[in-house]
Amino acid sequence: MSKGTRKRGKAEGVGPAEAPRPVGGRGGPDGASAKVHAAQEHNVYLPVTATVTKIELEAGGARPIRTFTFEIDAPAEHARFLHRPGQFIIVSQFGTGESVFAISSFPNADGVIQVSAMKVGNVTGKMHELKVGDKVGLRGPYGNDFPVDAWKGKDMVFIGAGIGVSPVRSVYQWVLHPDHRKDYGNVTLIYGARTPADLAYKEEFAAIEARDDVDLWLCIDWAFGPKGPIEGDAQPGWPAINMKAPGETVVPEGKRRFTCFVPQLVEVVKPSPENAIVVTCGPPIAIKFITQALAKLGWTPSQIYTTLENRMKCGIGKCGRCNIGDIYVCKHGPVFTYEEVKRMVNEF
Amino acid sequence: MANTIRKDRIAQLVSRLTDYDVYGPVEEDGVFLYRRVTGPPPPGFTNSRVPPKSIFFPQTETMMEFEKDGTGHRFVGAREPERAARKILLLGGRPCDVRAATFLDRLFTWDYIDPYYVDKRERATVISFTCTGPMPNEQCFCPSMDGSPSGTEGADMLWTDLGDSYYVEALTPKGEAILSAGGDAFGKAGKKDAGAAKEVKAAADERITRRFDREGVAAALECLFDDPYWDTVSEPCLGCGICTLLCPTCHCFDINDVVRKGEGRRERTWDTCQAAYYSLHASGHNPRPGKKHRQRNRLYHKFLYIDRNLGIVGCVGCGRCIANCPVNIDIIEVAEGTKTCAEARREGAGADAKGAA
Amino acid sequence: MPDASAKEAQVRDIARRWLASGEVRYVIGYAAGRGNVARAAFVRRAGDADRLIWNPTCVNNLTLFLREEMLRKLAKGEKPDPRPIGIVVKPCDSKTVVELVKEHIVDPARVRVIGLTCEGVCDPKKLVGTEVGPHAVTADTIADKCTVCRLHNPLMADEVVGDEVPETVEDDYSDVAEIEAMSPEERWAYWERQLSRCVRCYGCREVCPLCYCAECVFDREKPYRWNERTVQLPENLWYHAVRAMHLAGRCIDCGECERVCPMDIPIRKLNRYLEKKAKERYGVEAGRSAEDAPTFGSCDVDDPEEFIW
C-alpha cells in the first residue's frame, strides 16, 4: 500500500471488511485531511514512468485482450506501488490519455504491475500497439481492497468470467501464495471464457491445475447458439451439460472441464456457503446470473464480493463522474459486497 | 478594531501589494468576470457570470507536460510545470462565492491533496464584499444554505460599502497582512462607521426573499430516485452545461492529453455532468443515458451525496443556475417540487398499506 | 388586432380542442415560468390547456422539442404513436418547421401547428431587474432578432392565431455591416475578445433546433477527438466556426443561440453574416418553403466556386 498518502479504507470504515455499512451516512471529513496533506509529498496526478517488460495475448478477435507487465523505472518509487488485492491503477499513454485497470498481479515491492486490457477505447487501443521496452506512465494504486485478512480461516471460492477474472487473479494469487495458503481453508476456482483459446493466464492455470490444494473448474460457452447448445458441437474434452438442470449433472471422477456458462458451472460445482467467501468478477450480466446461482445454493449477499467499474478520470474522488448514487467507485470501491451493490441506487 | 478605506485609495493599496497578483471583478461587454486588476471593483458589480473559483481552479489548467523522443512514439518523461510562487489576492469576492471555496477546500483535500488547487488556495488572500447595490438580487437564497450576504466563511477580510469608503474587517492573519501592507491607505473606523456597516448588512439580509428548505428537500430526495418526477422536470432541459459550469461549487473536471507540434500537455478542464459523454464507458454503455438521469444526478449530488460524503451541501445559493438557465428551469422550484412529490408518494404508500391490510 | 390575452385564449381553445379529440399526442406551448418569463410546457390533457400562455416573453423556439421527439428512439417496449404533436410557433419558429420538413427530420403529417402572428417579443436578458411583469415589447426590451425580422405571419400553420400583419421591414443586413466594415485585424481582435469568453457549455448547440447530428463532432472521442476539450481560444474559435458553417444556408435566425449564451457572445452576428452570404452567392433563403432544395443538398453549375478554382 502507498504509505501515508491515503487514509486506508478500513481505518475509515469504508472497506467491506467491517459490518455492512449503510449506504450513505459515512459522515463528513474527520480533520484527517490536514494530516494527509503533510504526508503527501508527491503530486497525485503525476505518473511515474514504467517499462513494458512482457506482453501476452490472452484472447484474440476484434476486441483482443492482452496482459501487460510493467516495471517501474525508479527503484525509489517501488514501495509506493505495493498494492493490496483489488486495487486499481491508472495507466498513461502520453498523448492519448489515461485509463483505469484492475491490478491483476501479486502485490509486490519490486515495482512490477500487471494489468489485463481489452482493446475498447483510445488508450487501450494504443496499449495494444505497445512493444516490450516501451514506456508508459503509472499512478496509483487507488481504491479499496479485498479484506483478505478478515477472510483468514474461511473457505475461498473464486469465480471469474471472461476478462473479469483479472481482478480476481490478484486475490487468488494472494490466497494461493505459499506464505498465505495455510491461512485459508479449501480453495475452489471457477473460470469460464468463450473458447478454449480465450481462457486467460493459461500457463498459470495449468500450474494451478497441477496443485492438489486447489479445485479448478473451467468452462467454455462457444458451443451455444442463441437458442441453446448446438447438438454435438461441444469441444472434445469439454462435454456439454444439461443447461435446464445443471445442478443435477453427475460429475465423472476428476472431470473439471465442461461446455456451459459460468453460472451453470457454479451450480455443477455446488460450492458450500458454510464459513466461505466468494469473489466474483465479470460482465454485469454474468455477475447477475452468478449471484442468482449462488443464492440457490444458500449463499447470502454479504458473502459475495465483487468489483465495480465506471468511467473515471482522476481516480481519487475529485472529478465526479464515477459515482453510483453517493458511492464513488474510485474511493469507496472498487470492491463491494453484493449486499452493498444491491443497496445502491439503480444507476449501473 | 476595524478600519476603513476610501474608495479613491484602493488603487494606492493595490500598488503597494507588490507581492500579490490582484484579481477583481471587471465588466467586459456587459458581463462581470474576474480578471487581473489594479484598482477598485466597479461600482454596483453583481455576481460574476463565471464564479471566482476560476482563480483557484481555472477552467483549463496544465497538470503536466511531457515530451516524446525522436521516433515520436516513445514517452521520455513527464514533468510538472513550474508553479507561480506569487501571492494571490481576490479583491471583491461575493460572500457566497467565497463560501464556495471552503466547499472546494474540503473536496480537493478529501483524502488526497489536489496540489494544483491547494497550492493556489494557500497562496491566496480573499477579500469578501458585503452585497450592496444590485446584490442580493431576486435569485439569491444564500441564507437558506447557511450563508449570508455579509458572510465571512472562507474570507480573510470583509469590506462593506459605506458610500465613499469601505468598512474593513480583517478576519485572519492573511487579512491582517493586507492591513499592514496597505499602511496609511487604510484609516481607523469610528463608531459611526461600525453602525453604518451594520445597517448595510441588515439591509442586505432583508432583500433576500427566496427561501429553500434544505432539510425537507434532502429528506424528499431519499425516496424519490426512481420517480417519474424526473421525467417531467427534465422535459424542457437542453442538456447544456450552463448550470454546472457557472456554479461556484461544481468541481467536476476532465483530464485530456493535448499534443501540439510534438509537445504534449495533460490538461484538466471543467466538465459537466449534464453532458452525455461525461459518464460514457469506453464500451459504449452509459449509466446515465438520458437528461433526466443527468439532471437527477446534479440535484442529488448537490443536496444529498456531497452532504453524506463531506458533511457540506454543494450549493451556496448564488442563484447563477437560475438566472442563466436558457429554459427557465429553477433549481429551487425543482427541489421544492420533490417535497410535494415525496409527500404524495408517502400518502400513496400509506393508502396502499391500508388497502393491503 | 387582438391583444395578447385574446390570442392566449385562442391558443388555449385550439389546444383544448385538439387534446380533447385525441387528434394530437400532446401540445408543446408556453407556460408561465419564474419571473413571469415564459417557459416550455408540454400539455397532455385538455384540462391542462389553461396552463398555456401567450405574451411578449414567449421567446423560446419550441421546435427544438418537436425535433427531439421526432428523432427520439422508442423506449424498450414502447409502441410508436402515429398521432401528430401539436406545437405553438411564432412566425420565426415556423421557419424552423419549414426547414426541418425540408431536411426530412419532421414529417408534416406528424405535426399540428398553432401559428401566431407576431410583431416582436422581448429579450429576457433585457428584462433582468424588472422580473415582475407584465412585460411589454418596447424599444428597450425588444429582442434584437425582431428588429430585422421580415416575417410576421406564420408559415405552415394548421391554425393561425391573430390577424394578418403586413410585412414591413426590408432586411438590409445593417447589423452585419459593422463587422463587414472592420479590417481583418479588427475582426480578429473583436472575435478574439468575444470568443475568449466562451465557456463551451454548448448551450448554443443544444438549443439550436437545426443542430441535430446524432453525434456532434465536438463530442466525438473515438477514434480521436476533432477538438480538444480544453477551453482556450483556438478550440473556442474552431468550435464556433464549425458550428456557424454547419448552419450556413440553414439558419433561420431564431436567435436562440445568442439568447442562451451565458457569456453574451454575439453568436447571431456569425449566423447573420453567413445568412447574407448564402443569399448573395446562391440566392438561398432558409425556412421560406419546404419545397426549396436544401442548401447543402443541391448544386448548380452556376454556383460561385471561386474558393475551389
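Labels A, B and C are assigned to the chains in the order they are written; within every chain, residues are numbered from 1.
FYI, a residue touches a chain if its C-beta (ideal position, glycine included) is under 8 Å from a C-beta of that chain, and two chains touch if they have at least 3 such contacts.
This is a predicted model, so every value here is computed, not measured.
Relative to the centroid of every protein C-alpha atom shown, the closest chain centre, again from C-alpha atoms, is found for B. A count of C-beta contacts for the chain pairs B-C and A-B puts A-B on top.
The mean-CA centres of subunit A and subunit C are about 50 angstrom from one another, to the nearest whole unit. The distance from the centre of subunit B to the centre of subunit C, each centre being the mean of the chain's C-alpha atoms, comes to 31 Å. With centres defined as mean CA coordinates, subunit B is found 38 Å away from subunit A.
Shown for subunit A are the residues that touch two or more other chains, namely 121-122. Taken residue by residue, subunit B touches two or more other chains at 254, 256, 271, 280, whereas all remaining positions touch fewer.
Residue positions of subunit C touching 2 or more other chains: 221. Contacts from subunit C toward subunit B in the complex involve residues 33-35, 37-42, 60, 64-65, 128-129, 131, 193-194, 197, 199-203, 205-207, 219, 221, 225, 228-232, 256, 259-260, 262-264. Across the complex, subunit A meets subunit B through its residues 5-7, 24-29, 32-34, 36-37, 40, 43-47, 49, 92, 94-99, 120-122, 124, 134-137, 309-311, 313-314, 316-321, 323-326, 328, 331, 345-348. The touching residues of subunit B, counted against subunit A in their complex, run 63-64, 66, 68, 73-78, 80, 106-116, 118, 225-226, 251-257, 259, 264, 266, 271, 273, 278-283, 287-288, 293, 297, 300-301, 304-305, 308-312. If you check the complex, the residues on subunit C that touch subunit A are 221-224.
If you check the complex, the residues on subunit A that touch subunit C are 121-122, 125.
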